[in-house]
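Labels A, B and C are assigned to the chains in the order they are written; within every chain, residues are numbered from 1.
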Amino acid sequence: MSTGAREEILGRIRSATADLPTQSPEVPRTYLRHAPDVDPADRETVLALFAERLEEYGATVYRAGPAGLVSTLAEVLPAGRVMVPTGFPIAWLTQWAGEALTEETTPLSRRQLDGLDAVLTTCAVAIAESGTVVLDTGPGQGRRAATLLPDLHVCVVRAGQVFSSMPEVIGSLDPLRPLTWISGPSATADIEMIRVPGVHGPRRLTVVLLLEEDQSRDAVG
Amino acid sequence: MNVALFVTCLNDALFPRSGQAAVTLLRRLGVDVDFPSAQSCCGQMHWNTGYRSETLRLARRFVDVFADYEAIVIPSASCGGMPAEAYATAAEAAGDMGLVRAVRELVPRVHELTTYLTDVLGAEDVGAYFPHRVTYHPTCHSLRAAPVGHRPYRLLCAVAGIDLAELPAQQECCGFGGTFSVKNAAVSGAMCADKARHVVETGASVLAAVDNSCLMNIGGRLDRDGHPVHTMHLVEILARTWEDGPVPELPLAAGAVAR
Amino acid sequence: MSRTFVGWPAFPRAAAAATQDMQLRSNVTRATGTIRGKRAKLVTERPDWEDLRDSAAALKDEVLAHLDRYLLQAEEQVTAAGGTVHWARDAAEANRIVTELVRATGEREIVKVKSMLTEEIGLDNALEAAGISARETDLAAAIVQLGDDLPSHVVVPALHRNRGEIRDVFVREMGRHGRPAPQGLTDEPAQLAEAARLHLREKFLKAKVAVSGANFLVAETGTVVVVESEGNGRMCLTLADTLISVVGLEKAVPTWRDLEVFLQLLARNATGERMAPYTTTFTGVTPGDGPQRFHLVLVDNGRTRALADRVGRQALRCIRCGACMNICPVYERTGGHAYGSVYPGPIGAILNPLLKGPDDPQTASLPYASSLCGACNEVCPVRIRFTDVLLKLRHEVAEGDAKVKHPVEKAALDAVGAVMEHPAAWNAAVRAAGRVGPLMPRKRLPGPLRGWTDTRNVPEIPKESFRTWWKRTDGGTK
């Protein structure tokens, strides 16, 4: 049955497109490779744009240098039970008083995850123009359910991971990994097209921007 | 110059004043304008309703009548867009390649009136005097099909004495749409009601546009509701001079002076 | 069974009723006005907006021209990544496949991410007939489902409802399907969103099977892309054990990189955001993360019919941003239900006849549900020339193969055309008009023209036509 459908649909497609030339015209790619009016080498501008756009969407943004990160995390994390995925630099948590849970041995159930106070992660890359952080489940990012059910998501983004626009990052991401592109906390505009923050996904998003001395691009991942 | 006026069927039968104003204005600007009487209709109503074979016949007629003129001037963005928009497509679909060639050859000489004034004659101040409060509705065809851009505004702004009021939500369709206005009369009427309301809000005594079809629609509503706003094709404003003085039945614009 | 558009009246009748519904008019006007403003602001942020549109249109054309190849490529990639691909010729076949897949899991309640395709094929009703309850989790889709309503917009299916109406539905219906609405629920949007969160949370925590659509299917990698705002999509795509994505053939895009075009266009044009809060991309099954069984159901249901239409095929570029309906002056005054389809507005006016054939009076009325103002052409992110397709479809109805015909209209327009074609006849007609002009009723026209005079007067017919004047005065010289 299914094979029949497949062949029939493919046949319909071929006859429907029979009039078209086999050689397609080239796809124009004249759109910007970087955020408008931004020099991607101007790191200060890129980072400022990233913070501005995140805040516009209702995320909270902190900036910290390598020396201040530990205290910043202690400040922004609730002193409760927080999911800290495998691979997250535990050394950053020395001043924080809460309880870190990992999934190193056994995954937490949905209800356990739902009962946590927060999830703390790193990210794969970030996009300044749209205020987006991308998680690829790599080290320090955990599986997708872990970053979804807790109501607060705290994400540490290293400055070198922030690029000005989407065309700069898309090639560095691995489509075979499940990716979550997060642009601000969960929201809806389904009631009278008015944006209301906070529905199902984490209702609060806190981004800690880690300013590094070395802001080279190979810091991605 | 060997210039023809394609007055359009609607203007011919219902709005002859617009055609007359076009003749007056073009003559004043030194254009020797002719009206080949074999002309009739551009076929837009047929085309827009789906009747392509009839459009094709009217396209042939248009080409026959106007082939020998250096310029064909049309006081309508909607009809003015038809030759470029539809004729070649209709001819191609019918396999009439001779007509396709003839249309392609003719189209560059077909001009919507305001475009002809600004782009061919290079005129902006056409010496008009119109001391009344006017609002301008940019018709959909003038915005999108035969885009005339800011030309009508530039022409209006140069009119002496005019008090130009901006029309709210001006880019929204008035709801005419040819046979749409009868096939979907309820929606068309609702769109028209909003447009008429915006016109009244401006306090203008004249609503101007480059398409009498849309003006007929909005004017029909204004008239029904008893609003004393006059509808005038833009060319009727441009044709008036100091010698004509103000239009007697219209209130004078605030601060207007007669010479 | 929930309501469907089956047996819906033709557009003019449905629209006439809708224009009288002042509550509906005010809800739709407010919502579309809000979104137009947000969109316009964000579009001007991008100096390369037109370039992005060029690329998006060209990419979709490329996919459509070689759709067989791209779908086979996607199938290969999904299969290699542990997913199973199914092909469905029509709605019935798609529903049968999904129902069987759910049945095999033994589950009786499943969760769904908003998908217009599953609305199009009537999946919820098909599942219900098999004893399976499919709960919508998108806020707007849930409002529609709880209220036994119909979707009226492709992005915000409950756009026709205001906050007060939504509150009433929540209070009345939530308890019947799970956790009731909180006591003292007001119509504050934030409170309503919170009520939805609590109601659906239980379902997410239990859900074993989820059904989704897709915004894009990347052929090169077999990646499914789902764009959403609330997190309900992430819940369904992540928490279920079995995920079934029901995807229209036209959702394919050639390569992974091409997402940089579509993801930059979609949210800006749809909701006036730079990116929607959440975009999830996944390829097949990922061990240890998310659903461990993944089924991709590729659905034709008329898409190959549309693809065969040389003018109309451009409608398959559509990425369902809804901008054409947000800008449409007709949609603004009728809302979406008047179109009798889950695809309303300008895209519905062309897509429905292309998918189904304009062979019934309702479908055949849709290409005429437009004043041809062309505003939709200007906002479409994939440069669909709506007006070209509308005119082509009108031609199909008027003179082409469509089964619905308008013989009276054709006779009338033929007669007018015949007069216009012959100089002598036209001269005579215009002169006659001047003579009968004073006899014409200005406030009530007869027959099919009566609609005009329902709200408008007819202009006075002048005694002297332009051509008579020209002849009498020798071109105004005497």
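Here is the rule we use: a residue touches a chain if its C-beta (ideal position, glycine included) is under 8 Å from a C-beta of that chain, and two chains touch if they have at least 3 such contacts.
Small disclaimer: the values here were computed from a predicted structure and weren't measured.
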item: Reference chain C; chain at largest CA-centroid distance; value: B
item: Innermost chain, where centres are averages of C-alpha coordinates; value: C
item: Centre-of-Cα separation between chain B and chain A, whole angstrom; value: 54
item: Whole-Å gap separating chain B and chain C, where each centre is the average of the chain's CA atoms; value: 34
item: Distance between the centres, which are taken as Cα means, of chain C and chain A, whole angstrom; value: 30
item: Multi-chain contact sites of chain C, meaning residues that touch two or more partners; value: none
item: Chain A: positions in contact with at least two other chains; value: none
item: Chain C residues within the chain B interface of the complex; value: 11-12, 15-16, 19-20, 25, 329-330, 333-334, 367-375, 377-378, 391, 393-399, 409-410, 413-414, 416-417, 420-421, 423, 426-427, 429-430, 433-434, 443, 448-452, 454-459, 461-462, 464-467, 469-471, 475-476
item: Contacting residues of chain C [partner chain A, same complex]; value: 27, 30-32, 34-35, 38, 45-48, 51-52, 54-55, 58-59, 61-62, 64-68, 71-72, 81, 86-89, 93, 97, 137-140, 143, 156, 158-159, 162-163, 166, 189-190, 192-194, 196-197, 200-201, 204-205, 218, 221, 223, 229-232, 234-235, 237-239, 249, 256-257, 259-261, 263-264, 271, 273-283, 286, 288-290, 298, 300, 304-305, 307-308, 310, 313
item: Of all residues in chain A, those that touch chain C in their complex; value: 2, 5-6, 8-10, 12-17, 19-21, 24-32, 36, 53, 57, 107, 110-111, 114, 127, 129-132, 137, 143-145, 148, 165-167, 170-171, 175-194, 196-202
item: Residues on chain B engaged by chain C in the complex (per definition of touch); value: 7, 9, 11-17, 19-20, 23-24, 27, 33-35, 37-38, 40-41, 43, 45-54, 57-58, 61, 140, 143-145, 171-173, 175-193, 216-217, 219-221, 223-224
